[in-house]
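Quick heads-up: structures coming right below.
Common to both upcoming complexes is subunit A, partnered first by subunit B, then by subunit C.
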Partner chain A sequence: ISGAVQGAGGDMQWCLSQAKGSLDDDVTEADIISTLEFNHTGELLATGDKGGRIVIFQQEIENKRQPQYRSEYNVYSTFQSHEPEFDYLKSLEIEEKINKIRWIPQKNAAHFLLSTNDKTIKLWKISERDKRPEGYNLKEEDGRYRDPSTVTSLRVPVFRPMDLMVEASPRKVFANAHTYHINSVSVNSDNETYLSADDLRINLWHLEITDRSFNIVDIKPANMEELTEVITAAEFHPHQCNTFVYSSSKGTIRMCDMRASALCDKHSKMFEEPEDPSNRSFFSEIISSISDVKFSHSGRYMMTRDYLSVKIWDLNMESKPVETYQVHEYLRSKLCSLYENDCIFDKFECCWNGNDSMVMTGSYNNFFRMFDRDHRWDVTLEASRENSKPFQVIKPRKVCAGGKRKKDEISVDSLDFNKKILHTAWHPQDSIIVVATTNNLYIFQDKMN
Partner chain B sequence: MFGKGAKRKLDEDEEGLEGKALASAVASVSYTLQRQTIFNISLMKLYSQRPLGEPSLERRVLINNMLRRIQDELKQEGSLRPLLLPPSPPPDDPMDEGFREAPPSFGVLSATAAGVLLAESRCAEVRPMDALPALPPGVLVDITSSPSSPPSSSSPSGFLSDLALDDVLFADIDTSMYDFDPCTTAGAVGALPPVVTADDLLKSLASPYSGPAPQVSANQPFKIDLTELDHIMEVLVGS
Partner chain C sequence: MMSATSAMEVNAEARRILAVSISKLYASRTQRGGLRLHRSLLLSLVMRSARDIYHSSSRESEGQSGAQPAAEEPMDTSSSPGNHAGVSQAEPQPELISPEPAAEEPRSPEEPCESETIEDKENLSPARQSRKRRGKASVAPDFLPSKRARLEPGEERHAAPLGSCRVRAGESLAVLSLNRVIPAF
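For the complex of A and B:
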């Protein structure tokens, strides 16, 4: 399956494979999914929620031989990653919500991932145990020590098979390095270091060292009253271990080279598209704020998500993106209401498919959008249990911006802005996608006849 | 025999001019309306209490930038002038300390629908109330407890220190503009403002073109009686 050829987007037929989560319309706050990440092979899918828990799903390997069942994912491990804390100095609660999960490339049988809340990053080891030692000399099977006087012979414990147990243990805790809220974590291609970014600073860590980190970007002004711009996302280049980018609330992306200087306050490149004067409004700055930045797998491009669009940038061209895709342009005339109800501050993420030919991002009303870069084709799909039966191809949706609404179209005013898809993920090697609604996870696969 | 019915050229020009002027007047007023609405929404967003945890720094910065932009625009426009009269010379240097206190509040007052023409006369009346007793910043601003303004930040009001307190207060009593309309029943400050549509504005703006003075006129400074002044002071001081 890993060699499967992904057809043009227009040929793809997406079917719902699984929907996981509560059927309740009433959402428990703690269950709200806050992050989503495939590991490098796509075998594991990690989700984090507002309650500080991580649930890891594993792809059913037996099913991989039968293409139509290849996207069955079952729970592999569940653990509490972060707990709520209280900052006594500022008299404020530190949320346990998991902001980001990033997998470390696998080196041995165990899996490692980094998870972070607003303040603290943790390195977790997830390992399998399927054997256990039996036949201790001095202990009973239940662990109680035997009365020494009853021990008359010597025996050596033997490993016997047991039911598979998956254990998650915290190996490192990287704390006290961020005054502001951590929005990004990114593992370097050197597999030894990683960066963490908050609103005003980016720190560089060694995966083995928890008591030290290096500050590599600091945009905090001397006088906080002069603050007009914050860091919104950061990521290491997938192949060049000296290069990383960070995006800002003003719609700029800065690329930095760590070889140039210890403190990367000077960027080596700055990507910014000049504003289209015909679209100018009170909300121009807010909608230009970049909510996510992702390098392509190839490392030649990067993608940014702002409120209304997805942009693809060629790393060699700073003046403007090479491609721009409108996610929900029909919202442009509603920006004032979206400002009032705070939706304009929603942070949508975006993702690439395995061969960088397609990109995906979420929208409102549980809609999500896919763009085929090669064929200039796009589609709007919906994550909904009511409207999709397993293994049935889901129908494209269309939003009617104004004028006469056709049958099957939904008008802008009927959109549910509480149903937002902020997190989506694309399997690195297969046409399997995962989409998170508020508290449910939807897994779709391409039918691939 | 009747002629072809060609319109007199002069009339056409007049109508064209009127039409354009009115259209741009409506556009300007709706721009100031929207700006006022966004300004008020932004203030409410910044000052309303968030139930749990820390508010997002990015959100506050963006809202703050919005307020600053609008405030700068209002400063640049200076004191108000009626839309259709020739623009008065711009007020003195906005960098002047004394100037800083006054115009933002007037800007807030003036940018309401019915207030455009009233503003200048209103300014004269309101000026004496300008000197407000200083309220402790903590009363208004809950970002004093924000972790993102580090202890080193000089002013407890964080990044809005250049926004005069009057702005916040005057923003609240914005609706009093409607209450001073001499044609409505006298001054219930709590009364709901009448809905002003674009059509109403056109009627009031049309006054320079039509003859008789309309309900709202720039020539008639309305009178505020002492009780109403007291009432306003009470609202401002929060007693």
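For the complex of A and C:
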């Protein structure tokens, strides 16, 4: 199944495979999912939440041979990654919320990932233990020490099988390098370094070295009153280890080459689309702020998400995106209300499918959107337990922007803005997708007849 | 050129957006995790747009109605209570959300204007230093720290013009110096 050719989006029939999380309408703040990430094979799916916890799900291997069950994921490991802290000097609480998780490409039996909150990045090792030593000379099986006088012979302890135990241990803690709130981490293709970005600065780290990092971007003005933009996301190029991009609150993306100089304040490319003057409003600046930037797997394109749209950029063309997809254009006339209820500040993420032919992003009312780049086709789907039975193909949804509402359409004013899908992930090799509603995880698979 | 009605509508909307923005700015100070720079920046950009549009639409509607008394000149930054009384006849009262706390609150620790005479608390001798919040004559809300923000090496405190710190309830929201939002960091 892995490596299967993915058909055109229009041919795809998505079925709900699993819905994980509490059934309550009452959401515990700490359980709110704040980040979602597949590992490089898609076998593991990591989620981080506001309470600082990481839950890793593993794909059931036995099921991979049966296509209809291939997207069954079960809990593999749960651990507390970050705890709330207090910065006494600034009288500020540091939230334990996990902002980002990024997997390190696997080198041995253990899995490694980076997780970060606002201030501190941690390298976690997740390893399996399925054997334990038995037959100690000085200890009983339960651990109690034997009376040495009772030891009359010696034996060599042997490893015997035990129930699988998955252990997560923090191997490195990268702290005290960020004055502002960390929004991104990205592992370099050299598998040795990674970057971390906050509102004004980007630092380069070596995975083995925790007491030092290099500052490679600094956009802090000498006088903070002159501040006009902040860094919103950053990512390394998937193949060129000298190249990274960072997006800004002004809707621009800068690409930097680390070979050019130690401090990459001068970009090598700047991607920016001029604003459409007819769309100018009080909120033009907020809605042009980029909330996510992701390179395509091929490394030829990158995708950006702003409040209303998804844009695909060809790295060879800085003047405008090659494709623009409207996620929920019907919200443009509602920006004032969305400002009042704070929804306009929501940071939506976006993702590519394995072969870069499709992209996906979330919206409100637990809707999410998929765009097929090759066939100019798009769909709105809903993550809902009530409206989907397992293994049943889910129906596309449609929002009625105005005028007469057709049957099965939902009007803009009926949308539930508390139900938002900010995080989505696409399996790197298969047509399996995961979307996170406030505190539930929905896994869908393409039926693939 | 806008009609008088639509200039008034735009004006009222600009005022409402300013009021909403101030209450968000105020609320963000109590957020867990501290003030978010990105959010504060976006709020200040909206407030700046709203303030500019408020001013230009005030001028528009003034230009249309030449017969109105001179007391209804658009407010400038040195407005006195008298001006406000005049303007309120022509336009609906701005709906300021909790203007009193927003106005009275001295916006410490990022406002250096009122504390130019207060010494750098960080370097007081141990005997005088106290981790307790000090009482202030102008009621600072309980949850705000009384220490000033720590400066980074190379930063300087900039003296603010005295007029811009206080926003009295009656004054135009436009008096707010929007640049004050950012130096918190």
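The criterion applied here is as follows: the second predicted complex is superposed on the first by the 449 of 449 C-alpha atoms of A that agree within 3 Å, B and C clash if a C-alpha of one lies under 4 Å from a C-alpha of the other, contacts with A are read in each partner's own complex, and residues count from 1 in each chain.
The working rule: contacts are C-beta pairs under 8 Å (C-beta built on N, C-alpha and C of every residue); 3 or more make two chains touch, one makes a residue touch a chain.
Keep in mind that this is a model prediction, so the values were computed, not measured.
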Subunit C versus subunit B on the shared subunit A, clash or fit after superposition: clash
First (subunit B), second (subunit C), both or neither touched by A:Phe79: neither
Touched partner set for A:Ser249, first subunit B, second subunit C, both or neither: both
First, second, both or neither for A:Phe417, with subunit B first and subunit C second: neither
Which of subunit B and subunit C A:Ser91 touches, first, second, both or neither: both
Contacts of A:Tyr136 with subunit B and subunit C, given as first, second, both or neither: neither
Contact residues of subunit A, present in both the subunit B and the subunit C interface: 90-95, 118, 179-181, 199-200, 223-225, 227-230, 232, 249, 282, 285-286, 289, 336, 339-340, 342, 345
Complex contact set, residues of subunit B against subunit A: 34-35, 37-38, 41, 45, 52-54, 56-59, 61-62, 64-66, 69-70, 145, 147-150, 152-155, 158-159, 161-162
Touching residues on subunit A, where the partner in the complex is subunit B: 87, 90-95, 118, 179-181, 199-200, 223-230, 232, 249, 282, 285-286, 289, 336, 339-340, 342, 345
Residue numbers on subunit A that touch subunit C, as the complex places them: 89-95, 97, 118, 179-181, 199-200, 222-225, 227-230, 232, 249, 282-286, 289, 336, 339-340, 342, 345
In the complex, subunit C residues that touch subunit A: 13-14, 17, 20, 24, 32-34, 36-39, 41-42, 45-46, 49-50, 53, 145, 147, 149-150, 152, 154, 158, 179, 182-183, 185
